[in-house]
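To start, the structure under review is shown below, and the notes come after it.
A, B, C and D are the chain letters, set down in written order, and residue numbers restart from 1 in every chain.
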Amino acid sequence: MINKRKFIAVIGGSRCSSQEAKLAEEVGRELARHGVALVCGGLGGVMEAVCKGCQSEGGLTIGILPGDNRQTANPYVQIPIVTGIGYARNIAVVKSAQAVIAVGGSYGTLSEIAHASQGGIPVIGLNTWSLARNDQPDNSIIPAQSPAEAVDIALSLATD
Amino acid sequence: MINKRKFIAVIGGSRCSSQEAKLAEEVGRELARHGVALVCGGLGGVMEAVCKGCQSEGGLTIGILPGDNRQTANPYVQIPIVTGIGYARNIAVVKSAQAVIAVGGSYGTLSEIAHASQGGIPVIGLNTWSLARNDQPDNSIIPAQSPAEAVDIALSLATD
Amino acid sequence: MINKRKFIAVIGGSRCSSQEAKLAEEVGRELARHGVALVCGGLGGVMEAVCKGCQSEGGLTIGILPGDNRQTANPYVQIPIVTGIGYARNIAVVKSAQAVIAVGGSYGTLSEIAHASQGGIPVIGLNTWSLARNDQPDNSIIPAQSPAEAVDIALSLATD
Amino acid sequence: MINKRKFIAVIGGSRCSSQEAKLAEEVGRELARHGVALVCGGLGGVMEAVCKGCQSEGGLTIGILPGDNRQTANPYVQIPIVTGIGYARNIAVVKSAQAVIAVGGSYGTLSEIAHASQGGIPVIGLNTWSLARNDQPDNSIIPAQSPAEAVDIALSLATD
């Protein structure tokens, strides 16, 4: 591909705490400052906060929606993708990205972490899940201490 | 949504005749001249020709891919969406658009025409399928005589 | 596979005329008499009628549902498959079968005919769509005059 | 639904240790002894072992396959469902069940645990993942000490 733009997904709950929203919005601003396109699930909560931050710095926001209607996208989504496949769109969210940043999140977010790890796509975490398998820690989620660090790690690993 | 950009899908075979490629490329140029974002399946044939035309006039090209790998996108796709769901991505191609233009095409294209019509999304046809149900003609595919006419009709119907 | 059971899909509208329901119910009875497993979309209309007929003769009925809830299956579905992927389940309905019988139907049925033909799965039609491409008739839907004939043709072609 | 049969999914890797295969096979036998229908992903490893055990006791085995071809099913699958949607079929595996038993497993299995928990479907674990969120243990996976105990817990929770 001629296209050299990087695509990074940000995942998290459609409802979130105000602290998670602040983290997500700052992640969005950082992505825009680095010229990265944002991919997300297109709805509220963390998805809306990260789109808001990204758009405020002139970034490109892509929302991959579960339902049949573009009107369900949050107001900061510039490219709504309408899939009609419900939670199966979680797979498209992470597979469309070269790295994934998780902010908080519940079981939907966990499914996205799992699908990304299954596909060899790096996952960086901010206050999110941690995993162990057969009582051994699994290190597939790389912890970050701040939005800026999360974006730095994501960019360094987004090699496709 | 704040977003007022229109999204129009162009569908057709991943292999096509040179005449179909010419039609598709001109449809792509027309879409770009009208400031419309192009949605397609992201692969070769009609999809590549329409992306090439659209990009040549500075338009935005979105390719919704069936497989697991962004490298399968044609070189004119600017926004590759990697779904991993095979032919089920046909549904996302048409549902992400406010109108659909079909150029030639085989059974995959027919499935997209059907999914669009099922969802109430207008379909404009250039040298493509025609349908009858119980021996009565079905007029859900609006015939156009040229790429410019196809885009004009699509825009007039793309009201969401 | 050890399994030698044949699987045939019956497709058609979730609402249908009483004549279509009669045809579908008789198709279901014929399938059961031949020891064939029935695959369908699991909802009402043609799907319910064919399941009713099949079950009345002791046949096996499989319903591949679009939503998230097995309770949406019609009462004659013995094996409900809950996909949560909406209309993308249409693809699973036809791909799970070795031949497809269409009874009437609207655009959802047309999408199933298209997905089956794309995958090389034979389609037999009772009072359903007919197709032409670039003004040439397309013969991918094999017309049958009765439920018994439809099942006979389907079985003769269900070789996988 | 008239249907009172219970459906329980068993998930785990397409490659597995001999110990995991032994556990899975015994889970399959237990399910069959209780008259429960088995749902799984239809491929090898844990999926094949559990189907083998279930069939050996006369149980019903359903395999929901990711690809386009029923020939990819393991030889103990009686009802192959061919989805063509890749890993998105993981969602159908768990949503088609009233409870899920995880035996070992990698990221694909983790995605299924997540999708089940998101949908409120109980998950019972044998030597599988454990989860924590924001450093707090998450108890959505109920640990079992043996195949018999896993099946007992699953049946007690499979109320739909």
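As a working rule, contacts are C-beta pairs under 8 Å (C-beta built on N, C-alpha and C of every residue); 3 or more make two chains touch, one makes a residue touch a chain.
Not measured: the values here are computed from a predicted model.
J.: By mean C-alpha coordinates, which chain is most distant from subunit B?
T.: D
J.: Look at the interfaces B-D and A-B and say which one is made up of more C-beta pairs in contact.
T.: If we tally the contacting C-beta pairs, A-B comes out ahead.
J.: What is the distance in Å between the mean C-alpha positions of subunit B and subunit D?
T.: Chain centroid spacing, subunit B to subunit D, equals 39 Å.
J.: So the centre of each chain is just the mean of its C-alpha atoms; given that, what is the distance between subunit A and subunit B in Å?
T.: A distance of 28 Å separates the two centres.
J.: Can you list the residues of subunit D that touch 2 or more other chains?
T.: If we look for residues of subunit D contacting two or more partner chains, we find 68, 84-88, 91.
J.: Would you pull the subunit D residues touching subunit A in the complex into a rising list?
T.: Touch list, subunit D to subunit A: 85-88, 91, 104, 106-108, 110-111, 113-115, 117-118, 127-135, 138, 140.
J.: In the complex of these two chains, what residues of subunit C are touching subunit D?
T.: It is residues 1-3, 5, 7, 37, 62, 64, 68, 70-71, 73, 75-85, 88, 91-92, 95-96, 119, 160 of subunit C that touch subunit D.
J.: Show me the residue ranges of subunit B that touch subunit D in the complex, using the header's touch definition.
T.: Residues 68, 84-88.
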